[in-house]
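Report on the structure given below.
Should a chain be cited, it is by its letter among A, B, C and D, assigned in written order, with residues numbered from 1 in that chain.
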Amino acid sequence: MPFQPLPDAIRALVHDGDTVAMEGFTHLIPFAAAHELIRQQRRELTLVRMTPDLIFDQLIGMGVAKALTFSWGGNPGVGSLHRLRDAVEHQWPRPITLDEHSHAALASAWDAGAANLPFAVLRGYVGVDLPKVNPAIRSVTCPYTGEQLATVPALRPDVTVIHAQRADRAGNVLLEGIIGVQKQAVLAAKRALVTVEEVVDDFGPRSLNATILPAWTLSAVCVVPGGAFPSYAQGYYRRDNAFYLAWDEIARDRDTFLRWMTANVLDKTAEDFARHRRVA
Amino acid sequence: MTPATPTEVMTVVAARALRSSDVCFVGIGAPSAACNLARLTHAPGITLIYESGTIGTEPQVLPLSIGDGELCETALTTVSVPEMFRYWLQGGRITVGFLGGAQIDRFANLNTTVVGPYARPKVRLPGGGGAPEIAALCQQVFITMSLGARAFVPMLDFITSLGHGTGGDHRARLGLTTRGPTRVITDGCVLEPDPETKELTVTSLHEGVTREQVQAKCGWPLRFAPQLPTTPTPGAGELEVLRALHERTDRAHRGSPS
Amino acid sequence: MPFQPLPDAIRALVHDGDTVAMEGFTHLIPFAAAHELIRQQRRELTLVRMTPDLIFDQLIGMGVAKALTFSWGGNPGVGSLHRLRDAVEHQWPRPITLDEHSHAALASAWDAGAANLPFAVLRGYVGVDLPKVNPAIRSVTCPYTGEQLATVPALRPDVTVIHAQRADRAGNVLLEGIIGVQKQAVLAAKRALVTVEEVVDDFGPRSLNATILPAWTLSAVCVVPGGAFPSYAQGYYRRDNAFYLAWDEIARDRDTFLRWMTANVLDKTAEDFARHRRVA
Amino acid sequence: MTPATPTEVMTVVAARALRSSDVCFVGIGAPSAACNLARLTHAPGITLIYESGTIGTEPQVLPLSIGDGELCETALTTVSVPEMFRYWLQGGRITVGFLGGAQIDRFANLNTTVVGPYARPKVRLPGGGGAPEIAALCQQVFITMSLGARAFVPMLDFITSLGHGTGGDHRARLGLTTRGPTRVITDGCVLEPDPETKELTVTSLHEGVTREQVQAKCGWPLRFAPQLPTTPTPGAGELEVLRALHERTDRAHRGSPS
């Protein structure tokens, strides 16, 4: 049975120094699991996420990460991620190494990781500067047309953490809506942890092609209602856009940020935090 | 009705350039407003695609992020992000891509990565996201940006996405068959690449804006088209729809139940 | 409006000499469209299909094809495709060129075609003979690990033909169940023709991630109820396994085959043929 | 109850080798019967995957093809065929793959492509389908085939899928980390590769079958294990479940409404 309390699952599956992917493309971002990482003071992580978003701004600001693989590091529709900027521009609270790509490249790298290939090929990076600063961006020649195409190493993290709508009693997990790269990220990882909104006896009638991760692809399933807040879970609660707007002020200043993290994360539980969500 | 603000003009001009048959890769901010304005006015058949995987969305409220629930709920369907970038963008299915940036140069190359050197940036910007491949793989690209000497610069600190490179047939020499940026829509004027040199050229000035005002907000000596008409002004109908859209949007995002 | 009668669509979209893919992995095989190709006496086609199945046995036996790209050419669960064998072993009714792959390779080639890549990479063909007889199977070296991996050219046919459950009034098409490689085959093709069981006013409530091909990806949609018989359409009618068993006798002998094709295809319409299906 | 036929013994022996924790890539024919028998008896938790994309199927009737509707209706979910081969098979998620063939050699390499030369075959067989990558990428492979001198041959006409190549560490030298064929289950005996040489060795004889009978149906001089037990005979319960399964299946496929 893969069901475990979140603190136990984080303790068992995520170790200092691991490469940890936490995916969810705007939707289903696993905030509760990230907060648990912060409470357990995990250190020296290489974090992987296409869109770092507030979840990695918090992890980076709390000093959890030594390196970051990403493709777009802003607060969507709002502006900067101030904690990410502070780490890159002023090495606060510690220096961070960047492994920067484009969305197309990381999406392809996830696909390649899930497919157990060592690299992905894409029509990408034509005429731009990123390959000059990231030596992981290389190329291959098509054995048929002679064309040069860009390559990116497959993503194969130690652990992937995602949030999903629900699990059945057997521990199979169903996602729907904006599904992002989560299936790929789970299948590409050595270990996978999923937080879910609820457990149901049976998924019941569903699309024949529903996005379901069988229990045997997962290391742990943790029931954490509201575990994606202030992101959202389609069918459960809405994205808290007001919070995303408010974060700009909270994260701009180091002390304000630390006070907020202490009051809302370090001194609190996942249940406390999730209480703020608004039902869809 | 109060007259159109410069930003509203920018949005309306961008919207008018879209047709019902277009398949648009929509970004957040001005592009999203322009694409949805087009959909709600003269281009009801337009297909809007957001990089989060939503295809054929018809939001009643502008999304704050590219992955708001509204986009998915109103979409024809939603695919995974690898599929979106591999089959739909790289697959060559997008007719118009929208981009903006912190910096643009005279060949419509864009920087959204860093101000200053990459290794020790003065300002770390969000980075490329979808932009490098949107710029290369959409059939054409529209850029919306407000004028300003810090944005319209003679030399980019970093080329995040390719416009016309160093001009001329640079894109073709790199193997690209797409048109690249075909217009840059600003709050003061519209610029289009010269057919030969591909240098951005002012092709219309918004109502009440002078050449000197535009030049003052651009870091390189601007070329102006020989015929320089006034950009057609937004109609009352367009403005009404746009303002209602923004009003609904603000109400929704500031947290009061919509 | 993409809706057209099937004979008109075949006439407009499929030309002598074209490379024509007709996909559907056991489920949703576009038999009605193939029969129309036979009635219209299309010639010199290069046919593409992972599993030739009865549909290509019929096309090949009627002399439509000069070449075949495939990965498994049997009558599933029954035995040989006698018309395919006769063409390969005795050049009857005409010689046919084979471009043979494995399922994994062709599935990857469809994926690459849909993704507008010139080739696909796979962990495939290790230690086997097919690369010795098919020069299209080549390799690349991973730019990161130095591993050698197999490659296959992307599939990019002139036309793809598929069958699906239903279209809405705008011509968007929905598939569900065993969806095979159909989405990839449509997106990889220059032109795409879809036959559907029915047209509905609106798809109505559906999975947020339903497999839907937007109307603007299709050249023609033809309403052909029963268009997949004796294959099946999930939710409409069942696979006619008895017919697949009976085909073994029909196709074994050239004359029996020709008589059957004349009586059931050449002298008949799609409606006549589809009448034999059994509702699910 | 009539005693088990040789084919039934083959199916039961294959079924017994499966565990509840296995994830099986199932082919048509004997594999499908064995996997579903295991599911309906001692291994209720087993995950059955068919190459048509169905994951976790629980059919009440054996499918005629790998894509019968029954498989999809009873599955946990169904994915596309590219996803099945790329993420699930190539992804290394399958613990046991099943294969059969027209010809097998002493190192469990298989031929399902041609008899005679490839360019001018005497018999054109169906070809490889999923077999080349099933043989390479599943954690282990079970082969089920009936004995016969035309099937168990000294030299294959064509290597469709790799067993142990030329023996020894051949698979490892080709870069494979999977175990390859670990047992060949026939209607007369069970063979397993020698731990060192990888040559197929008879490790048990079915009840009433002699060494000579087996050798007469094999085209190469067989090796026999020093300890040669009788293959455990099918139990009454297993036979009952298997026969009921076949009865339901025949009824369904011959066209009378089931």
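Rule of thumb we're sticking to: contacts are C-beta pairs under 8 Å (C-beta built on N, C-alpha and C of every residue); 3 or more make two chains touch, one makes a residue touch a chain.
For clarity, every value in this text was computed on a predicted model and none was experimentally measured.
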Quick one: how many steps at least from chain A to chain C, stepping chain to touching chain? 1
More contacts between chains, A-D or C-D: C-D
Could you put a whole-Å number on the gap between the CA centroids of chain B and chain D? 57
So what's the Cα centroid distance for chain C and chain D, whole Å? 28
Chain B to chain C: how many Å between their CA centres? 40
Multi-chain contacts in chain B, i.e. residues touching at least two other chains, fall at 72-73, 78, 86, 90
Residue list for chain C, restricted to those that touch at least two other chains: 116-117, 122-123, 147, 177, 179, 183-184, 208-211, 234
If each protein chain is taken as a node and each touching pair as an edge, is the resulting graph a line, ring, star, complete or other? other
If we use the touch criterion from the header, which chain pairs count as touching? A-B, A-C, A-D, B-C, C-D
Within their complex, state which residues of chain D touch chain C. 28-29, 51-54, 63-69, 71-73, 78, 80-82, 84-86, 89-90, 113, 118-119, 121-133, 136-137, 158-162, 165, 170-171, 174-176, 252-255, 257
For the complex, which residues does chain C have touching chain D? 25-27, 50-51, 70-74, 76-78, 80-81, 84-85, 88-89, 100, 102-104, 107-108, 110-111, 122-130, 133, 147, 177-181, 183-184, 232, 234, 238-242, 244-245, 278, 280
Chain C contact footprint on chain B (complex, rising order): 21, 23, 47, 55-56, 72-73, 75-79, 86-87, 90-93
With touch defined as at the start, can you tell me which chain A residues reach chain D in the complex? 114-117, 172, 183-184, 187, 208-212, 214, 216-217
Chain A contact footprint on chain C (complex, rising order): 116-119, 121-123, 136, 138-145, 147, 149, 151, 153, 176-177, 179, 206-211, 234
